[in-house]
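Below are the structure tokens for one structure; questions will follow.
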Amino acid sequence: MFGLSEFELAALGLSLKIALIATLLTLPLALILAWLFARCQFKGRNLLLGIVHLPLVMPPVVIGLFLLTAFGKQGYIGSWLYDLFGISFAFNWKGAALAAAVMALPLMVRSIQLAIENVPTKLEKAARSLGSSSLKTFFTITIPLSISGIAGATILGFARSLGEFGATITFVSNIPGKTQTLPLALYTMTQVPDGEASAYRLAIISAVLALLAIIASEIMARKARQQLGKS
Amino acid sequence: MFGLSEFELAALGLSLKIALIATLLTLPLALILAWLFARCQFKGRNLLLGIVHLPLVMPPVVIGLFLLTAFGKQGYIGSWLYDLFGISFAFNWKGAALAAAVMALPLMVRSIQLAIENVPTKLEKAARSLGSSSLKTFFTITIPLSISGIAGATILGFARSLGEFGATITFVSNIPGKTQTLPLALYTMTQVPDGEASAYRLAIISAVLALLAIIASEIMARKARQQLGKS
Amino acid sequence: AKAETPPTVFAAASLTAALDEIAQSKKIKPQFSFASSGALARQIASGAPADIFISANIKWADWLKTTTSDIIVNEKTFLSNSLAVVSYQPQTQTIKKLFQNENDFFVAIGDPTHTPAGIYAKQSLEYLNLWKELTNKLAPSSNVRAALYLVQSGAADYGIVYKSDALNAQNIHLVDILPKNSHEPILYQALLLKQDNQINAKATSLFDNLSDTDAITIWKKFGFQPLKN
Amino acid sequence: MLDVMIKSARQSIEIDASFKCVQEGITTLFGPSGSGKSTILNVIAGLDRSESSKIILNNLDITKRPTEARRFGYVFQDNCLFPHMTVKQNLSYGSHPARSNTPNRNEVIDLLDIRHLLNRKPSKLSGGEGQRVAIARALLSNAEMLLMDEPLSSLDNKLKKEIMPLLRRIATDFKCPILYVSHSFDEVCQLSDKLILINNGKILGSGSPQDMMTNPKYADQLDGFDAGNLLNVVVKSHDHEFGLTNLEFSGGIIPVPLIKDEVGSFIRLRIRARDITLATSIPTGISTLIRLPATVNYITDVNQTHSYVHVTCGTEVMIIHLTRKSIQSLGIEKNKPIFCLVKSVTLEN
Amino acid sequence: MLDVMIKSARQSIEIDASFKCVQEGITTLFGPSGSGKSTILNVIAGLDRSESSKIILNNLDITKRPTEARRFGYVFQDNCLFPHMTVKQNLSYGSHPARSNTPNRNEVIDLLDIRHLLNRKPSKLSGGEGQRVAIARALLSNAEMLLMDEPLSSLDNKLKKEIMPLLRRIATDFKCPILYVSHSFDEVCQLSDKLILINNGKILGSGSPQDMMTNPKYADQLDGFDAGNLLNVVVKSHDHEFGLTNLEFSGGIIPVPLIKDEVGSFIRLRIRARDITLATSIPTGISTLIRLPATVNYITDVNQTHSYVHVTCGTEVMIIHLTRKSIQSLGIEKNKPIFCLVKSVTLEN
């Protein structure tokens, strides 16, 4: 396909799978966090904000090391999860997805929070006055009215997941077919004397993916705005 | 100060300087791009969108390599800039700032674009009808009404710049006092078998910085919303 | 069943090309993971499913031996390497003259605080009495390949990299090989590891044959110096 | 029945208002711009929090309840339609628990003339269309009581006239009382059973519109408005030749422009105080058709130069707005028998 | 002078309207909800693009100009205040180039009663307060012409009465003509020099309000509204004892409730067609103070049962709204001399 080697195809497929799953699983959490930050005042808010945004300021390698310590086979949380649910993040795609999710979370939370803050509280109040519970209001007013922002955030998260490198290679290593995503394959190619051609190809695949994701997000956002009659 | 070693203080200072300058210089460009994307339809829009967002999906190392090729001493743009203006990005803080700016740009553009899209066109039209030119309208209506989004984007960019690692270390190396920012120092410490104590300290500094930036952005955003009488 | 599965080999990134070729020649398809020796060592210590670990650095191998000694079955130091000075522009002078004459230049090296290549380079430069003069002209990279690319792209004028990297690289010129006695020997150590208290048979055979005659030819082709057992 | 005590301090205004709304019917909140009407509605609906207020609906203290549990239907001053939903979806949004007695959906849609808009988004509606949809949305929300903030302000008279009877029916037939904010005296007169006058956050007085209008105490507040008389009359006969309907009450027969109501039905007739001319004897050669005999009760002053003459006509009490000069020149005084002349074209139902 | 030809097709309505606005004065666009009034204003202001329209202002084709270069001041149906600016900043926002003749800022602020709001943000204004600020913002924008979309809809009568004279002054004294959208006939009568009737995107007719109101062709559109007479009168004297001002015109003297205008000044008096009673001889013992002799010109029909009697009174022409029954019983016919009776309390300036 497109003259891609098996190794490149494997990396591409794995990347897509990991980014997709990471994004979809992060989305509900990001929504809840964003809503909390946008609409609620609670104790420890700033602390939670700080924690969520940590992956943004820390070098990804450090986040990878932290994940290794916490979610590794012998990590506090990792061993507990394994004992209880049999879930293991060790050196498999689930771990890669976890790394991608952690790195993408702050970006998604921030974008969604902004979008939610832009929903006029007046309309939420109007919904409440018509008998709608706060949960129903959230799902029928807040979310639809910030959908273009949420879609944008999701694509942003997806793109960030696709590009995730440092935390992934540190946390789940660079095992082809298991944890070797596109960026990791690209890295490997830069380690090989005559890997340039392959590295270029991989870079172009990444770029094309990025472009597709961004254009998709644009189209979705425009549709959403039209829905609101904004343009 | 706070029991930090000279080496840690240097990294902290350098990081702040680089992130600050990168963010401030990127802001105008991000504003223009965001406005273009939010309000204009032009040929090559999607291509430009893709290019701006590339650093988001590419592994940062690849962006670093690209920067080397383009802005390095022998790079197309780098050599030209050096000959014309005597500006060199080679292994100095300017290069680090450039790397940080390139990585932060898509995040900032995206956030600002969303914020601008949320400004009711009706109000812009009202301003035009009162005789305000499109430039005046942009500065007196569009920007102030999206200021909370712009502030958020700036802080996001700042945080991202603070945390920038892969592109920086590839583009300008890891020279203490010159290009060794906090994340680079932190990374170095994690690579030294007995560097844990220092690594922890640096991680905590990073976390505190992140927290401060995020809290600052929250306060600014809240102020801006109050200005608009939204809350 | 465990014995049938292909072995997992965690190896320093600089060995990527050579190990790939050796594995092909032996008709086994190990699961490779190439990254920095340090990252791999930590991963193995936290339970990574590696059957063989090849470190480009004795220190990380030793670190692993002390932290998780119970999984190590066998070890061998089987490969050595040398340091090469490379340049962007072709050069005719010796490195000493080069580094003393010019004022405005950069030398890309692996980070001397933690990358093995950097540590060895520092020893050499100290030995050659060039370290002090060069401290402000060094561009320390996170790994040797990055240093090499700095030279390839012309961002740095010179670089001190492994001979194995220099030999196969394009767009650079080999200036000199640093004397072997100017730095500690550059040694690659392979560790054979247990997985859940079992030893992978194919891993054992690969481990044993890492320096057989076929392998030696390949190692040499990529610029490494195989050691006698 | 709604019984409220509202205290709410704002930087610019301090609201301190206690009042009761009528059980079945429409209570109107009337006051100048900025007097706190919308604020009061917001506190009642629970949208503005106010700790020291007390809201009692049907003997239940709902002060602590969240907005959605208060079971009001609120028509906002700006329509507050949901921009991402079609008109149809907006109409179905109301989620109060079902009640036994709700207006018919189709009828509401037709009366408000919004059927052709059902599939549009609010951004594609005109100002008045949006306002009508907002009214319909509240009417169909199963609310126990409606709060309406100037719901008819951007509608033309024709539509207003069609919608007002619907609102009255909602309040009486469907037993869904309405608290209505308006600055149009026409609306107040035609709709309200109780009028509450408010200024600067305080209640100046309340009572039946008729009482309020004729009370000199409130003349100043109602100045510029058309005080009026509301008569309960029965349809006597239709005169199709001249396009007149004859209405009967204890004071006599009143011909008005033809109306649709059936013979025998009871209706409410409004005659503005200023539209009545007094005569000491039945004049001839004059175009007014209505000539009702009455007796002067007393005279109150609107201001220094104008007065209301209170008369008894049959069993009804009416007021007539005259200048002092007229009163003087006609020699009007207590117990004097007089005739009330009204042009029938000035009468509207 | 504004001369427009507007063609604009929307999914729901097709607008095709050409009209001219008066040079000095107020032109009113009057039509039911959803008839395309706001759309027309938007096209004129350049906010809705419409390729096939043509807008000519003072003999200049401005169709291709961007909004800001058209020099209109637009008061939107929803106020469109800038939420991030104080009222004061909103008022200073207008950026049209200075013109020789602009209303005084302080006077506008005081007349609209918004001085106490100057430092507030729009979110802290009531509905009516916001509307007043929006009017002030447009008035102070140095516009060459004003477009006003139901600017007074959420204001109480008292405020309306204070603001309307200001609008007239803007249009005449400051030579800034106004295109005014309204659904209140009161406003139309008191403000407009030209009335344009619109329905479903098409113009039904246009002319002076007086002509339009008395033209049976438009009776259907104007049904439910109060046709009226506009008389140009001069203040003759003030009678402080009875609180009356005597106004004089060619047809006689009209006493009205005391007004502030100085003796000798010219004003416009509105007498609604339905407030006039006709009498064949001067009646006695009746409370109406105004009795103007007049001659019947002709009679037109409003509908099957109601008619306008057109009379000449001095040099002025007036219409009187009567039922056919009255006309018949009084035997009113062409050239018959009659008397117009008006209660002075029904007159407002």
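Going by the order they are written in, the chains are A, B, C, D and E; count residues from 1 in each one.
Simple rule for what comes next: a contact is a pair of C-beta atoms (placed from the backbone, for glycine too) under 8 Å apart; a residue touches a chain by one contact, two chains touch by 3 or more.
Everything numeric here is computed off the predicted structure, so don't read it as measured data.
Any chain bridging chain B and chain C, meaning touching each of them, is among A; the list is complete.
Distances between chain centres, each the mean of the C-alpha atoms, put E farthest from chain A. Centre-to-centre, using mean CA coordinates, chain C is 91 Å away from chain E. Centre-to-centre, using mean CA coordinates, chain B is 60 Å away from chain D. Chain centres here are Cα averages; for chain A and chain C they lie 34 Å apart. The mean-CA centres of chain B and chain E are about 57 angstrom from one another, to the nearest whole unit. Counting partner chains per residue, chain E has residues 124 touching two or more of them. Counting partner chains per residue, chain B has residues 61, 65, 187, 230 touching two or more of them.
Each of residues 149 in chain C touches at least two other chains. Pairwise chain contacts in this structure: A-B, A-C, A-D, B-C, B-E, D-E. By the touch rule above, chain A contacts chain B in their complex via residues 37, 46-47, 49-50, 53-62, 65, 107, 110-111, 114-115, 117-118, 120-121, 148-149, 152, 156, 159-160, 162-166, 183, 186-187, 190, 203, 206-207, 209-211, 213-215, 218, 221, 225, 230-231. If you check the complex, the residues on chain B that touch chain E are 122-123, 125-134, 136, 140-141, 144-145, 147, 227-230.
By the touch criterion given at the top, residues 61, 65, 68-69, 72-75, 90-91, 169-170, 172-175, 187-188, 191-193 of chain B touch chain C in their complex. Within the complex formed with chain B, the chain E residues making contact are 45-47, 66-68, 70-74, 76, 80, 82-84, 93-97, 121-124, 137-138, 141-143.
By the touch criterion stated above, chain E contacts chain D in their complex at residues 11-12, 31-34, 37-39, 77-78, 116, 120, 124-129, 132, 149-150, 153-159, 161, 183, 185, 223-225, 239, 242-244, 255, 257-258, 274-275, 277-281, 283-289, 303-306, 320-328, 330, 332, 341, 343-346.
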